[in-house]
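Below are two complexes that have subunit A in common, paired first with subunit B and then with subunit C.
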Partner chain A sequence: MVETRIQTPSARSIQLDVPGWPGNIAGQHLDVRLTAEDGYTAVRSYSIASVGDGERIELAVDRLPTGEVSPYLVEELRAGDQLEVRGPLGTYFVWHPTDTAPVQLIAGGSGIVPLMAMIRSHETSGSTVPFHLLYSVRSPRDVFFADELRALAESPHLRVTYVYTRQAPPDWPIAPARITTAAIAADAFSREENPVAFVCGPTGFVETVADIMVGLRIFAPLTIKTERFGGK
Partner chain B sequence: MSARVDGNALAGILSEYFRLDTTSAIVQCSGCGTRAALARELVYPDPMGFVVRCERCEDVLMIVVDAPGGAWLDLRGVDGVQFRG
Partner chain C sequence: MAVISRGFFGRKREENPELPPGQYLTEDFPVLSAGPTPVVDLADWTFSIQTESGEVHAWNWEQLNALPQEDIHTDIHCVTRWSKLGTTWSGVSLDTLFAGVDTTNAYVMVHSYGGYTTNMPLADLMDGKAWIATSFEGEPLDPEHGGPARLLVPHLYFWKSAKWVHGLRMVATDDPGFWEQNGYHIYGDPWLEQRYW
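And then the complex of A and B:
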C-alpha cells in the first residue's frame, strides 16, 4: 500500500502498487484477502476506481461500523503494509471506451467507485458519448472524489446530478429524500437514444433504482446493468 | 457477511478455476427457463460458500463452495451454461 486519502468522514481511497498488475478496464473489481495470525481469512470485493495500464491502482472503501474488513482498510492500513489481492475481475459490469451508447450512471454511496473508473476512462479516452451521473449521497460531505467530479463535470459530455438523502446544501431546491422516480426520470435519456445504464451501491438502493428504471420503460431490460455491494 | 449481492461477486472464486471470466456466461434456470448472465443472478454469501438464486424465480441455481482442496460447484438448478468467447 502506498498512500491513502480521506474521501468522506467514513471513507478513504487507497493507492496500491501491485507488481505484475496487467491493467484493468473500467468497472472491474478485485478481491482483498485478509489473513489473521490464527489463519482465519476474510475475502471481500472492492471496485477499482482507476483505469488503464500501470501497476498503481486506486480503491475507495467506506467503513461499515460493524464490519470485519472495511474498518481495517479505512482506519488501520498504513503505507508500506502488504495486502493480498486477486484481480482484475469481472467482464459484465464494465464500460469500454469503444462503446457508443449514451450512458446513465446511478450510484449510491460507495457505489460511485466503479462508475468513477468509467468516468475517468471516458475522459482519458476522449470519448464524446454522453454520460449522465446521478449520485445519491447522505450529505455534501459524503461525496467521494468531490473535487475531481466537479472538474470533470465541466466537460460537455458529462452531466453530474446529486440526490441528497439526509442533508442538502443550504440553497438546494429539493428537500433531502431517498432517490425518487422523478429524480431518475429527470436525469434520464430518451428511449430513442438507446441508452445503457450502470447502477451500483448498497443492495437495497440498487434494487429500488433498477425497479424504477424498468418501470420508466426507457431502457431495454438487459441494458440496465447492476452491481450490488451488499447490505440492505 | 452481506445479506445479498449478485453474480459479479463470484468472479474472484471462479477465476481460480476458469480461464475465461464466467460472470458474463449465460445461465439457464431449470425452474423457470430464464436465461441471464451469471452476473445478474442473486448471490447469498455464506461462510460455507455462495448460494446463487435465479433473479426471476429465486430458485436455487447453484452453490459454490470454496474449500481448501478446491472449489465445489453444485449446479442443481441449472439447465445449461453458455460461454461467449
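And then the complex of A and C:
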C-alpha cells in the first residue's frame, strides 16, 4: 500500500503497488483479503478506479459504520502496510475503449468507483462516444473524485449531473430527494441512439434505478448492466 | 503465505463447520444480479423442459402449483462470500418435473426471463437435490430474489440457482452459460471454493 487520500468524510482512496499486476479493464474489481494474527481472514470485493497496464492501482472505499472490513481500510490502513489482493475479476460489468454505443452511467455513493474507471478510460483513450454520468450523493461533500470529475466534465464528450439526496448546494434548483424517474429521464439518451447503461451502488439504489430504466423503455434487454455493492 | 494485516482483528471468531471455506454468515439476503429485475406476469409465466428430440414439456403457473409441493430446509452459499444457514423454501422437485422426460443428454442449460443462462450436469438436478422454488420463508418469492420462481440447487454456489427461471434445455456438452462466460466457475462447488475460473 502506497498512499491514501481522503475523498469524503467517510471514504478514502487507496493507491496500491501490485507487483505483477496484469492491468485491468474499466469496471473490473478485485478481492481484498485481510488476515488477523490468529489466522482469521475476511475477504471483500472492491472495484478498481484506475485503468490500464501499470502496476499502481487505485481503490476507493466508503466506511460502513458497523462493517468488518471497510472501517479497517478507511481508518487503519497506512502507507507501507501490505494487502493481499486477487484480480482483476469480472468481464461483464466492463467498458472497452473500442465500444461505440452512447453510455449512461448512474452511480449511487461509492458506486462511482467502477464508473470512474470507465470515465478515465474514455478520457485517456480519446474516445468520442458520448458519456452521461448521473451521480447520486447525500451532499456535495460526499462526491468522490470531485476535482477530477469537475475537470473531466469540461470535455464535450462527458456530461456530469448530480442528484443530492440529503443536502444540495445553496443555489441548487432542486430540493434534496432520492433519485426520481424525472431525473433519470432528463439525463437519458433516446432509444434511437441505442445506448447502454452501467448502474452501480448499494443494492436498493440499483434496484430502484434499474426498475425505473426498464420502465422508460429506452434500453434494449441486457444493455442495462448493474453492479450491486450490498446492503439494503 | 498469508500476510498479516497489521491492526486487523476481525469480527467473528467461532469456527462454523457449516460454512464452506471463505464464506461469512449473513442474516440479510443480499442480491447478486447482472441487470435489472425482470417483471414477469404470472398469467404469462411458463416453465418448460426441452429435450434433444425437440420435445417440450411445459407448465403454466397453475399447473406448476398443482404438482406436489415440497418444503426445503437448506443452507445457501453465494459466490460473493455470504452464506445463509437454515433457510426455508417450498417448490416442486426437479425429479417430479423430469418424471415424464426422456433424454440421454447429460447436461442442462438453464434459461431465465431477462435472458440469463447457467449450465450444470443433469445429475446435479436429480435425486432430491434441486427444485423450482416459488416461496421463501413462507412468502411468495420476491422479484429481486428471483420470483415468481427460481431454480434452487443449494449444493452449488447460488448463481446456479437461476432467478426468474423460464426453462431447461437438455444439451450434450457442458457449455458455459452467461455467468460462467463472465468469469464464474463452470461447476461452482462451494466446498471446493470453485468461484472463478
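Here, the second predicted complex is superposed on the first by the 232 of 232 C-alpha atoms of A that agree within 3 Å, B and C clash if a C-alpha of one lies under 4 Å from a C-alpha of the other, contacts with A are read in each partner's own complex, and residues count from 1 in each chain.
To be clear about the criterion, contacts are C-beta pairs under 8 Å (C-beta built on N, C-alpha and C of every residue); 3 or more make two chains touch, one makes a residue touch a chain.
The structure displayed is predicted, hence computed values, not measured ones.
Asks: Based on the superposed arrangement around subunit A, label subunit B with subunit C as either clash or fit.
Replies: After superposition on subunit A, subunit B vs subunit C: clash.
Asks: Pick one for A:His29: touches subunit B only (first), subunit C only (second), both, or neither.
Replies: first
Asks: Quick one: name whichever of subunit B and subunit C touches more residues of subunit A.
Replies: Here the partner covering more residues of subunit A is C.
Asks: Kindly classify A:Ser45 by the partners it touches after superposition: subunit B alone (first), subunit C alone (second), both, or neither?
Replies: Both partners, subunit B and subunit C.
Asks: Touching A:Met118, do we find subunit B (first), subunit C (second), both, or neither?
Replies: neither
Asks: Under the stated touch criterion, which partner chain does A:Phe93 make contact with: subunit B (first), subunit C (second), both, or neither?
Replies: both
Asks: I'd like to know which partner A:Glu76 touches here: subunit B for first, subunit C for second, both or neither.
Replies: second
Asks: Touching A:Glu84 in the superposition: subunit B (first), subunit C (second), both, neither?
Replies: In the superposition, A:Glu84 touches subunit C alone.
Asks: Quick check for you: in the superposed arrangement, does A:Ile179 touch first (subunit B), second (subunit C), both or neither?
Replies: Neither partner.
Asks: Does the superposition put A:Thr226 against subunit B (first), subunit C (second), both, or neither?
Replies: Both subunit B and subunit C are touched by A:Thr226.
Asks: If the shared chain A is used to align the two complexes, which stretch of subunit C, 26-34, 98-106 or 134-142, clashes with subunit B?
Replies: Clashing stretch of subunit C against subunit B: 26-34.
Asks: Across the two complexes, what residues of subunit A are contacted by subunit B and by subunit C?
Replies: 43, 45, 89-93, 203, 225-226, 228, 230-232
Asks: Which of the residues in subunit A end up touching subunit C in this complex?
Replies: Counting only subunit A, the residues touching subunit C are 33-37, 39-45, 68, 72, 76, 81-84, 89-93, 203, 207, 210-211, 213-214, 221-222, 224-226, 228, 230-232.
Asks: Under the stated contact criterion, what part of subunit A meets subunit B in this complex?
Replies: 29-31, 43, 45, 86-87, 89-93, 203, 225-232
Asks: What residues on subunit B touch subunit A, complex-wise?
Replies: Counting only subunit B, the residues touching subunit A are 2-9, 11-12, 15-16, 21, 23-24, 37-40, 45.
Asks: Could you list, by residue number, the parts of subunit C that touch subunit A in their complex?
Replies: 2-13, 22, 24, 28, 30-39, 80-81, 114-115, 144, 181-183, 196
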